[in-house]
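Shown next, in structure tokens, is the structure this report addresses.
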Amino acid sequence: MVRFAPVLVILLLLGLPRLVDMAFLNAMVLVLIAALYAMGYNLLWGQAGLISFGHATYFAFGASCTILMMQAIEKGSSFPTPLLPLAGGVAGFLLGLVAGWFATIRTGVYFAMITVAITELVRAIVQRWDSLFGGEAGIAAGRPAWGPFGLQKLVDVYYFTLVWVVLGVAFLWFLQRSPLGLVIRGVREQEERVSFLGYDTHALKTLVFAISAGISGVAGGLLAFTNESTNVTLYEGAYSSTVLVNTVIGGAGVFLGPAVGAALTTLFGYYVANMTVYWLLYMGLLFVVIVLYAPRGLSGLAVEAMQTLRAGKRLAFPLILRRGIGAVLLAAGTILLVEIIGAIVAPVYWATAKSTGVAWPAVTVFGLAWTPAAPLTMATIAGLFGLGSLLLRGAAGPARRNAAALIGRLTGRAGRAP
Amino acid sequence: MAAARCSGRVDRAYGTGTGDCGLRTLMDAFLVALLNGLVYGLLVFMVSAGLTLVFGMMGVLNFAHASFYMIGAYAAYFSGRYIGFWAAVGVAAVVVAGVGLFTERLLLRKVRVYGHTQELLLTYGLFFVIEEVVKLLFGPTPVAYRVPEALRFTAFTIGQSEFPFFRVLMGGVALVMFFVIYAMLTFTRIGLVVRAAVERPQMVCALGHNVSLIFSGLFAVGAGLAGLAGAVAGMYYPTSPAMAHELGTIVFVVVVIGGLGSLNGALAASLLIGVMTSFAVGVEATFGDLIHRIGLASTGFAGLDAVQFSSIAGVLPYALMLVLLLWRPAGLAGNRN
Amino acid sequence: MKPGLLFSAAILSASTMLASPAIAQLAIDVILPMTGPTAGTGELFKNGIDFAFSEVNDAGGIHGKKITPRILDDGGTTQGGTDRVRQAVAGGAKIILQGGGSAVAAAISADVKRWNERNPENPVLLIMMGAEAAALTRKDCHFYAFRTSTNADMRVKALMKALSENNRLGSKVYAINQDYSWGREMDAAVEENAGPYKYQVVGSVLHDVSKIQDFSPYVERIRDSGAETVVTGNWARDLLLLMQSVASANLKAKFATVFLDEKGNIASAGKAALGSFVATPFVAEAGGAEGEAYLKKFNEKTGANPISAGNNAVIAIRLLSRAMAGVPEKDSTNPTAVALALEKAKAPWVHGEVSMRAEDHQLRLPLVVGEVSTEAKFKLDGTDMGLKPVKTLTAAETEVAPDGSCQMQRPR
Amino acid sequence: MTGRQPPSPPVLVIEGVAKRFGPIPVLSDINITLKHGERRALIGPNGAGKSTLFNLVSGRFRPTSGTILLDGKRIDGQPPHLLSRVGLSRSFQITQVFGGLSLYDNVFMAIMSRHSRRWSLVQAGPAWRAIRAETDELIEHAQLTGLSRRLAGTLAYSEQRALEICMTVATGPSVVLLDEPTAGMSRAETAAMVAFIARMTEGRTLMMVEHDMDVVFGLADTISVLANGHILATGTPAEIRDDARVQDAYLGGGAH
């Protein structure tokens, strides 16, 4: 049954435009782009054990070059439209080749700091080079039509993005199973042994960095193609941190892990951001909880469950159910507490209190009205936290012990100072 | 560089309004730029002191260290409404040390078993959470945490520019902090143990010292130092949720340039960066002038030659770090290569 | 590896069912930076919007229907802006009110323009309440985009006119601004007005946006240039830190600003702010009784004072509600009809009537130049200082003629 | 296994090599010449500089002075991956195998390098069939076929040591350096490992650092004794056993 998983996912994605409204389709375009970007990023981390803290540069450079190529097409160049994201990919690859050569001289913390330094340098140059990158306002270009496809409507853009993302993920899957992929994993395990087998590990790591930057460039190109514009704020740190968050939440050790993380955080940001101003706090807390209790990410948890199933052992459903409910209760308690505090702190709350004469005006959370100082509210919050932590009490032990063994090898080596 | 020559565009920034350029006014301007740079460097050192010690010993770069700086500022602001200025600064340092202890004992310890990377990621997550919690409690706009009137006067004047007392105070607190830590590390027994643990944690543990207690203690003291820095500098610079983000990266650059785990290196690096950015801002020349001076014809180069040196002041520390990481990763005074 | 695929299929399909809620048909959406680096500015706009819509709804709403707009958060980024425009359009919004910086406004305006070109039968109307970049109503103007705030030329002209008439300008002016569209336009406007107001620009600098930690080197350069007045369009952190360095370095020169009345600036500058100027849409003391009433009502409703951008939002909604009321009910959510009405719309404002200019959809509004002083009637930031009016310039006085670069394709 | 002197030119020549770490001299004036097929053992007390010499020859460190020649070409200061390509390969005192990859993949990667197929994305074509065949053949030769699908990290210690030796010879080296191959093994395992090494390194020049005298006398043609950075003596196992200088410096007085 597992053989059909990829086909199932692709069929679902193909049929999506008919199932959902335009807002969600736009969200899915962003999910696909974020997924490809995270997968490209994870080639460096999950496969080669190198964590980059400045990958937005290659994503943004891919976007800029794709827009510049679209402008060239507007001025009459005969560059084929479907290959536009490839322009971003090649640009990202070349920049990645140069940056990678420098960055992969070091490993661990030093590697991370070099990637940060390179990002800041590129950003400083790009932000001053207005004639090419368009500065704050940025550069724009219309989507050129191509043969039968107008590529104007969102549905066309969705399929265009889907084709490229499937190609990108297939390439990464193919690379991982290729001899080169084997050697890359060897570099993560024992870099010195690989060099003693006759491989120039510095050249290898530079190539891996460049491929990762190239895939990120394709993702950047797709975003530019969708938005038909890009600007220098894309080079800022935000895109470097979101891809890291996606990879951690999804799980660096599993092939499609980062894509799962990207899907969750993008949809979370797209919808929850309008419901509450504190969505970033909830995302941060989710990130910390995952680092603490699910070091191999959500997909890591699922893979563990699969392995226990395949090994014939029955999954401890009552335990999982107990923990699930405990987690939901804790989350509800946290949300209730945060929303009420947030409401009380805002000056507009006291203005309405004064104008309506009510001492503690109600705050609506989960559709219910809560009076902040009322004993009922206090009791509910305390109850949620108490019961939730009770149910989760035994959670930490087993999950952490076996994860420790596997994860220690995967990332312990990457983080060690050289 | 500016002092050497009297005429020409570069010097216009320092010449007096009437265009004559007595050597004394040049010296004044040079001195002011140097002092501004040193004070800003000392501030950056105050924050990075704790970070470099913690990294030296535990091998993990704590992303949330700049957040401790922010918590210190907000704690001093909050308690300052009820107790005096100096008391509030003290309370802030203690509160942040407590937060540091909690973080290390309950959170970092759980994750240490998975290796340094998971610790790094945990502090990365904490950085976001702390920033959002501060926004939740104190709102997105800067809070009115200001230098009390009693301390707002001019310490001394150089030429026409007056030097505020509070900047001198900040510099003073940083220097005192450096000497206190330095003395504690070199002359006391606990300092000896800490320095040994920075080199060989396992060996120190084998010698019977409770290394995990030392870790927690050092982490708490490191956080406390950042909190103290925040409480003092928060009055001068805006106390807002974005202050951790702005200072965060510069502090990493200082720790890396200074040499991971080396206190003197951190001090040297912070002063170097402070002075470098202060001077780069002072220079009015552009790349174009530089190209002419070297004799190359200015080819326009897509508008890049009109870029002022001062507008790239922010990037110089990163360029320096990149060169150092490639050529001498141990940094200025570090020993770990 | 294979099990990972199955799991991800489950997640993707689950999130599809879950996440396509039916969004109620709302005609008006508001896009603001509620989170991110400029969340403070978002708060200002939100207060203005809450107040203005409560004004409209208390007076019976539009065509008898009360309106509560949906607030979408763009997080202060251009990507966020683009996403929220799509979300608004998909949710059936016909009118979008946008608050925030010029970069986000430019991205949103371009998206709306592209959407309208591609869907002429289902256009969307955009009102930019706070973006000051001149290009938005010049080369990048389009029929369905309106702006209810000023641009750099209007602000500098107002400042120079008021200061020179009260001989507070002096003959040496220095310009310090942020190195992006808005900052560069302010820099150019200071050069332009040197002739008419007879001053010499003794120096100008453009610095990184929100990156400079320590402005004291810049303050030294200002002092050395001997400038008597310093013009700056800096906002938020870059203005706060600049005033802080000015306070401690005891600079004699006075500041002519655009955003000094934003929350926290005067408090952080302390005594150094005294004698500095700001050109802003609202100064309570200059509005007399009506001004005081507006301030009180605004404070009661939102718990905060009406500060710079918040007033632009109130003006925008007053104009929009009058335009929508002016067309028959069935057309009140038809963007083309509302846009045509909005071009001719007028609305009352504390300091004098505001009206829309049809050629380039740029607002004509009075500006008040206020001076920070301790004798001001209404205090700011919890300090003993407030804004004392120096001069109220009428809409005609503040107007800067369009430079002809706006070619608007009007609907047939 | 007494040595017979093959007539062919020397394979590995170490002339006047010295190494100092800062002020501390670790090795001084080392001269060793290995003939083709010769099996040299390096013995000496701990801290004599044996591992340092290995690290100099295998390119981990750069010698302070002196030259190292492989088949007549200078190799001192060359990075390890170039040394492997000219035919010099080594194993490590602390086993270095790819724990996360299968035993088959570990050997497969070494064979790939020998066929200089280091970057390819595709496994099709005759060259790859040859590589897969050689991998199976080598694993068969090493009698590890039963474990070939297992993750290297889950193998027993001696199995991992065997795998590392497999990988060391898999790149087709002319000179093999073994750093304490039988360290930490029981008597039975050591005997098996000696037979394994003999079988795997047949016809290749071998230099080995070893403490276990049975292994040394079992495998080596000639022995060099290293003591505080100098070569004390070089000769056949018999000569070394009876050499007075070696006895008092290393074997502690009369042979017992």
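Observations, loosely collected:
By letter and in written order, the chains are A, B, C and D; residue numbering begins at 1 in each of them.
Everything that follows uses one rule, which is that a contact is a pair of C-beta atoms (placed from the backbone, for glycine too) under 8 Å apart; a residue touches a chain by one contact, two chains touch by 3 or more.
Here the structure is a predicted model, which means the values were calculated and not measured.
Relative to the centroid of all protein Cα atoms, the closest per-chain Cα centroid is that of A. Rounded to a whole number, the gap between the C-alpha centres of subunit B and subunit C is 34 angstrom.
In whole angstrom, the spacing between the mean C-alpha positions of subunit A and subunit D is 46.
One finds 50 Å separating the Cα centroids of subunit B and subunit D. Centre-to-centre spacing of subunit A and subunit C amounts to 33 Å, using the average Cα coordinate of each chain. Across the assembly, subunit C contributes 35, 179 as residues in contact with two or more other chains.
Counting partner chains per residue, subunit D has no residue touching two or more of them. Subunit A has residues 128, 280, 346 in contact with two or more other chains. Chains touching one another form the pairs A-B, A-C, A-D, B-C. Here subunit B touches subunit C in the complex through residues 13-17, 29, 32-33, 36, 40, 135, 139-144, 146-147, 152, 154, 160-164, 166-167, 236-238, 240, 242, 246-247, 250, 277-278, 281-282, 284, 308, 310-311, 313-314, going by the rule given at the top. Residues of subunit A that touch subunit B in their complex: 51, 102, 105-106, 108-110, 112-114, 116-118, 120-121, 123-124, 128-132, 241, 244, 248, 278, 280-281, 283-285, 287-288, 291-292, 295, 338, 341-342, 345-346, 396, 400, 403-404, 407-408, 411-418.
Interface of subunit D with subunit A (complex): residues 58, 79-81, 84-85, 89-90, 92, 96-101, 105, 108-110, 112-114, 116-123, 153, 167, 170-171.
Across the interface of their complex, subunit C is touched by residues 1-3, 5-6, 8-9, 12-13, 16, 19-24, 26-27, 30, 127-128, 135-138, 140, 142, 152-154, 176, 223, 227-229, 231, 233-234, 238, 254-257, 259-260, 263-264, 267, 270-271, 273-274, 277, 279-280, 299, 302-303, 306-307, 310, 346-352, 354-355 of subunit A. Residues 35, 37, 39-40, 42-43, 179, 202, 205-208, 210-214, 216-221, 223-226, 237, 240-241, 244, 247-250, 263-264, 267-268, 270-271, 381-382 of subunit C are the ones touching subunit B in the complex.
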